[in-house]
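Two complexes are shown next, each including chain A; its partner changes from chain B in the first to chain C in the second.
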Partner chain A sequence: MSSASHVAAQKLDILVDTFISKLKRRQITGSYKIATETCQFLMRVISTSRWSTPQEFIQLIRKVGQRIQEAQPREFVTGNVVRRVLAIIRDEVNGTGDSLNNANVNNGAPSAPVDTSMFQLLSTVNTSSSTNLAIKENTRGQNDLRSVVIQGIRELSDEISSVNENIEAMTVDLIHENEVLLTPTPGSGTVLNFLLKASLKRKFTVLVTESYPNDIEECHLFAKKLAEANIETVIIPDSTVFAVMSRVGKVLIGARSVFANGGCVSNAGVAAVCECAKEHRTPVFAVAGLYKFSPTYPFDKDSLIEVGNSGKVMPFEDSDLVGKCEVTNPVFDYVIPEHIDIYITNMYVYFFLFINLFFQFIST
Partner chain B sequence: MPPKSKKINESEEDEQKLQAIVLTDSYQTRFMPLTSIKPRCLLPLANVPLIEYTLEFLAQSNHVSEVYLMCSSHAEQIQEYLDDSKWVSPSSPFKKLQTITSHESRSVGDAMRDIDARGIINGDFVLVSGDVVTNLDLGKVVKLHKLRKQQDRDYICTMVLKQASELHRSRSFIEPSCFILDKETNRCLYYQDIPPVDGAKSTVSIDPEVLDNVGEFTVKNDLIDCHVDICTPVVPTIFQENFDYQDLRTDWVKGVLTSDLLKKHIYAYITSHHYAARVESWQTYDGISQDVIERWSYPIVPERNMLSDQTYSYESPHVYKEHNIRLSQSSKLQSRVVIGADTFVGDGTSISGSVIGRGCHIGHDVTIENSYIWNGAVIGDGCIVRHSIVAAGAVVKSNAMLNSGSVIGFGVVIDKDVVVPNETKIVKTPIKTLQDSAMFMSSSEDEDSEDEDEVNHAVAKKNDVDGNPLDSSEVRDANVVGANGVGFLYEEEEDDEETNKGYSGIMYQMAQLNVSDVSVASTTVGAHHHGSKRKKRTYSTNSMYISGDEDGEEEEEEEEEDFHKEALATVERAMENNHDIDTALLELNTLRMSMNVTYHEVRLSTSTALVERVDHFIATDTLGVKDAVDKVFGQWSALFKRQVFEDSDQIDLLLIVQKLCCHLNESYRSMVFLFVLMQLYDAEVVEEDNVYLWWNDKESNTEEMRVVRDKAEKWIEWLQQAESDSEEDSEEDDE
Partner chain C sequence: MGNAIRWLKQKISQIPIEMSDDDAKVQLNEDIDLFIQEKILYSGKVITQFASGHIQNNSKILTYGHSEVLKKLFKYCAIEENKSFEIYIVDSKPLFEGKKLAKELSSVKNIKCHYNLITSLSSVLERSSIDFCFLGANSMLSNGRLYSRVGTALVAMSSKNKNIPVLVCCESIKFSDKVQLDSVTLNELGDADDMINTKPFNKTGFNLQQYLNKLEAKKLEEQNSTGGKKGQQQQQQSKKEKDDKLLQSSQKNEETLSNWKDYPSLNILNVLYDLTPPEYIQKIITEVGALPPSSVPVILREYKSIT
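Up next, the complex of A and B:
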């Protein structure tokens, strides 16, 4: 038995290590892909892991979650998915685990009400070891719990993969005929799908910023796809954003992750675009799937922003400059909450001021 | 049927996966004295051992399944390191990670021959050195490799080169190399190593033959050669066949490209989007460290946390901190700084462009600029450290000053107020000789005692810059480390006056460490005997070859012996397999050039082979004496036509043959000699006049040589007779 559990533990280690190195090597990139891969990974973890009490189970998932988040601290999606999965587990434990709660009470341990609030999901709950009774009760339910949770993750995974469709459903209400839209995030698949869907019902013009240097290829690809769908598309240099802003009806951005205060992280250059939009009182719409909403608060902006390859800003070949000037190439930008008017998610559309309410809503 | 299809799948999968050979040893001594304690590939770059970068690169693309690490010096350290690393854990991306220890290897060539001998290679493989830092996408290169392999039957290898510029900080200044490439296909036409950047203007001479059938070509002297090669299995066999190849580039690439025999093609892959460079000198160590810190090699940056216990996080402007660092309030991390865990930085200290390891203690009011301080080092209050390396465990006491280019070795203690001059390397225990440490295990006993004697003198002798040879290369020097310091001055064989020539890359001069790279490989062979001599090398910039004279002769002898063996084998092979004469000649000629021997040796070897064969036929009774000679010499005497040019050569040849025949069995040796003589005469290898000259030569008439003369005498007489007859005839005709 012990050797079997040892083997299982080893299997788990391999699983976790492999996923971590995949994240570290950036073999998985893009929040959508990371989200779905994390779901897959957690399913595998749950099916190989062994535990005797639900608390142990939760502990285990939390630990794994922490490790994978540290592997790529600027990808908040992993953390979000882990939190969602923990919520599923706690829901199950709470719903079926009367015996568990009783056991806790019997032990005199603080019977922590299992809180599914996203803010408290990661807070520590000190659970004393349960009695043999509880273990007995639970081993019966272990397999049930496992399969229920896996089912839950599958649903979550489905939700993530259908994000675009759900967002698209709202296009008609948000885009007007003959409107000029500006998007500074050509790398976002959600924005692309949003516009493509809208083009079926509406006729409009899209301005795409060049997004030099990190997204320039994506920009061209994006423009090409829009043009193929018969949308009038113009690529503009990043510097002309302010000049064209007066003619723009709406700014559409794709968010990488949204934080508890309503701010979000997006591609580099977006913050400046939003600033311009504010100046012209142009509304800024941010599109983001629910899995991008993170309950963390952006205290330290530095820790949110990834700094990329200096070689994209300046050619490495230029030995007269390399080493003699400092080059920084931030890949992300933090956009303050005041600059975003509306969040369009796969479930609802929110005004930024209500984002706190929204967080409370989704966490209950 | 089903099992068959499965098999096909498997083989396809196997085909996709490559093997990787990592050359952990550089076979150079550029990082002395530090490499006497730690191998180069375990030296930290931005607090990560170099080998990690290489392995990470191989792991990044899922193309590599088996990794073999060729180790020679410090093999046990490398093994130990890997045993604890994530690369051997079950989650390792490699199916197999094996270290191969070959202590005998003294060069890349030796290692490759060893690989071939072990029969490890079963398909295409990646050959990398263990000091590569790159974010290259191996998949792309492999794709190209496969394409080229299909298109070009003679394709054997793709070299990965990084576009840079001539004087780039991450490009080697000591062995800059020039690639001549076909503009269209990127086929490498020619390779030329050029003298160090500071050297006089150099020229590249190209054999016009190389450029036959080539449309446009480019001459490139602005590439970083990162020594990442994707090779076909032919590559190790070429090394095996050409046992004189030592270096991967100067010997192998050049050899293959210029060889008339091989007709193989090497291609280049030039990348400008990806980062790729190789830590092969102090100068590139500095350059690449800065590149990594400044994120040119993104995503290979410190906060990638390549070692699983690392916890780096990034802060603007290029400051990387691990957890649990204590920075005093008034300390200043200006920019481009990496600091490891458990390090303390005191008040008023300012650090810029530097890497500080784990567990270091940096005192108050210290200035550190562009320096590399490895784990556990202590820098006292008020020190100034500029462009230096302080190795692990070293202690620099308060108010000391380290000037540009100084290297403080492992565990050295520098006393208070000491000023370490430019380009000073200090080691804890004296290093015997360059070669000893390079070979590590071959330090001989008597040399040890000798050195200790010298050390006991404890004379504080300063280097004599103008070239007086010193008695010993290391001197216990209180002036260098201070009264309470621990350490010895480590001295290189070669210093240079260009110290302050204004190269922006720091420690460039150190890169020039010693002998040229080509000679390292060959000199180490004889190093065991020459170690003590070598120490006394004269001390001037141009000493590289001057002082090589004393060991030169011995080396030459060795070479001749090698040549003799190889040439014998070549001729024998040719006769056995019935090669055509041209091929055999070509092989011999190549051999002669590569070994740099005279035609005398070639003739000697050829005739030895031929005579031995004749002897073999006769001794085994396969053929009669005359038939045997006719058969062998009839066919093969043409070989001599390209070995004998002048009259003296003919005499030389005859002498050789005579001498060889003397060693044959008494019963038939004179017969053999006679027939050989006749054959050579008939084939017009030797002319009549020269036969007479030889006949009258004193050397052919000595005691031992005379034994074969009896039969030949008659022939000579006949020859003379015939001549005089014909002369008479002609005279008669005239009349």
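Up next, the complex of A and C:
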């Protein structure tokens, strides 16, 4: 019995270590891919793991979650997915807590709700000295819990993949005829989808900033796709944003992660664009799937911003400058919550002052 | 430039009728030389004197693009006054004027240069505690707005919001009677094809591109017209594949939007100038003194009354 659990623990370790290496080596990049891969990974972890109480189960998943969050610390999506899975597990455990405790009733354990910690201290003492019957009941309970949780994760995975479809539904109400939109995040697939779907019902113009040097190829592909869909597209350099802002009706950005205070991390240059929009009283919409919302608070803004290849800012062709100047290339930008008017997600539409209500909903 | 031409016309009208053409020309030449000395070269020096008081040892300065006056100012402070300070140069596509400034200043001993693109502006302002923002001007309009390289307004706005004083160095010759309310009504367009490059300065000129296209067409024609033995054909085919692969690999570096003109809904906007509202500017430093942006019409009145 112990050797089987030993083998299972080894399998689990191998699984976790492979996934962490993938994350560390950046073999998986992009919030969407990471979210779906994390779901798959957690399903496998849950099928191979062994535990004796639901509390141990929750602790196990939490530890795994902490490890994978540390593998790519600026990608908050892994932590968010793990939190949603924990919420699913806690829901199940709370819902079926009574039936598990009834199984232990002949050991004299009190039938109290499972997550009250004082009672749990007493009941763990009892379950460690439980009989074979209790163990059998436990494993059956375990299997039930496992399959229910895996079902829950599958639903979560479906929700993540259908983010785009759900956001599309809100497009029509937000854009009116002959409007001019500005988008500084051409790398966002969600924004692209949003605009393509909106173009079926409304006619509008889109200004796309180049986001040189990091996203310029994405910008050109984005503009090409919009032009192929017969949407009037104008490519503007990043410096022209202030000049055209007086003619822009709405600014649409794609967020990479959203935090508990309502601030978000997006591509470089977006913070300046949102500031500019605020000065001109232009509304700013952020689109993000629900899996990008994180209950963490951005205490240290410097650690959020990843710095990329300086060679893109100053290529080695400028050899006389390369050694003499300090060059940095921040890839991300933090946008403060006051600059974003509304978050559009696949489930609800949020305003940053009310965002904490939403976090209460998903994390307990 | 309008001001200079107006001044010249005035000078011409002031020449007495009796003077011969040659004498008049000589006098005009002298006047023009004097004008250049006074209004352009000496102004630069006076502005430098006024503005150098702001730059102390170990100060951090932010600047955008390339301005002759500012370059003189920074060099003066570093070399003559022997102050050591840091400069954050912000630059943008497609002109990359900041690189010119960076090249000049990075070789000066007391100056530490930082070079960034305009997308990283808010990160730079967050991280480094910048003391002053110096901007150059193309012209100052009568309603206090600064007409300068596109992107200046963004830099001025971001600096103002972080409580960094924005100083504009501008010779009085650049003051204009014009009034303009926003950047879009009157502006200059740059070359749209400059925007297509994903890497700086990689564009092939129009003639070169046409020549390359002709070469390609010729090659295809030759390959189609040669009948020949099967072996030869096969050789040619494999050669053609190799050529195609080479072409493809060089075309990968070619841009996604190289045929942007084929898409009717796709446009490229490359304006050269923008307008900075007076709220963002703290002080304008000219050779006649330092003044707030609302005082521009006063200088114009003075300037008109002198000439």
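The definition used in the following text is that the second predicted complex is superposed on the first by the 310 of 364 C-alpha atoms of A that agree within 3 Å, B and C clash if a C-alpha of one lies under 4 Å from a C-alpha of the other, contacts with A are read in each partner's own complex, and residues count from 1 in each chain.
The rule we apply is simple: a contact is a pair of C-beta atoms (placed from the backbone, for glycine too) under 8 Å apart; a residue touches a chain by one contact, two chains touch by 3 or more.
All values reported here derive from a predicted model rather than from experimental measurement.
Peer 1: Determine, for the superposed arrangement built on chain A, whether chain B and chain C clash or fit.
Peer 2: Aligned on chain A, chain B and chain C fit with no clash.
Peer 1: Looking at A:E228 after the superposition, I want to know if it touches chain B, chain C, both of them or none. Which is it: first, second, both, neither?
Peer 2: So A:E228 only meets chain C here.
Peer 1: If you stack the two complexes on chain A, which partner ends up touching A:G311: first (chain B), second (chain C), both, or neither?
Peer 2: first
Peer 1: Once chain A of both complexes is superposed, is A:D341 in touch with chain B (first), chain C (second), both, or neither?
Peer 2: neither
Peer 1: Now for A:T328: first (chain B), second (chain C), both, or neither, which partner does it touch?
Peer 2: So A:T328 meets both chain B and chain C here.
Peer 1: Touch test for A:D17: chain B only (first), chain C only (second), both, or neither?
Peer 2: A:D17 sits against chain B, while chain C stays out of touch.
Peer 1: If we overlay the two complexes on their shared chain A, which of chain B and chain C does A:E168 touch? Say first, second, both or neither.
Peer 2: neither
Peer 1: In the superposed arrangement, which partner chain does A:A268 touch: chain B (first), chain C (second), both, or neither?
Peer 2: second
Peer 1: Would you check which partner chain A:E75 touches, where first means chain B only, second means chain C only, and both and neither mean what they say?
Peer 2: A:E75 contacts neither chain B nor chain C.
Peer 1: Between chain B (first) and chain C (second), which, if any, makes contact with A:D302: first, second, both or neither?
Peer 2: both
Peer 1: Quick one: name whichever of chain B and chain C touches more residues of chain A.
Peer 2: Counted on chain A, the partner with more touching residues turns out to be C.
Peer 1: On the overlay, how many Å separate the closest CA atoms of chain B and chain C?
Peer 2: Value for chain B versus chain C, nearest C-alpha atoms: 7 Å.
Peer 1: Of all the chain A residues, which ones make contact with chain B and with chain C?
Peer 2: Of chain A, residues 302, 315, 317-318, 324, 326-329 contact chain B in one complex and chain C in the other.
Peer 1: Show which residues of chain B lie in contact with chain A when the two form their complex.
Peer 2: Against chain A, chain B makes touches at 56, 59-60, 86, 89-91, 93, 163-169, 171, 222, 272-273, 275, 287, 290-291, 294-296, 298-299, 304-306, 311, 313-318, 335-336, 504.
Peer 1: Flag every residue of chain A that touches chain C in the complex, lowest number first.
Peer 2: These residues of chain A touch chain C: 207, 210-214, 216-217, 220-221, 223-224, 226-228, 230-244, 246-247, 267-269, 271-272, 275-276, 279, 301-302, 305, 313-315, 317-318, 320-321, 324-330, 333.
Peer 1: Quick one: in the complex, what on chain C touches chain A?
Peer 2: Listed in rising order, the residues of chain C that touch chain A are 89, 92-94, 99, 102-103, 106-107, 112-124, 126-127, 149-151, 153-154, 157-158, 161, 182-184, 187, 195-196, 198-201, 255-257, 263-271, 274-275.
Peer 1: Using the touch rule from the top, collect the residues of chain A that touch chain B in their complex.
Peer 2: Spelled out, the residues of chain A in touch with chain B are 10, 13-15, 17-18, 21, 24-27, 70, 73, 302-303, 307-311, 315-319, 322-324, 326-329.
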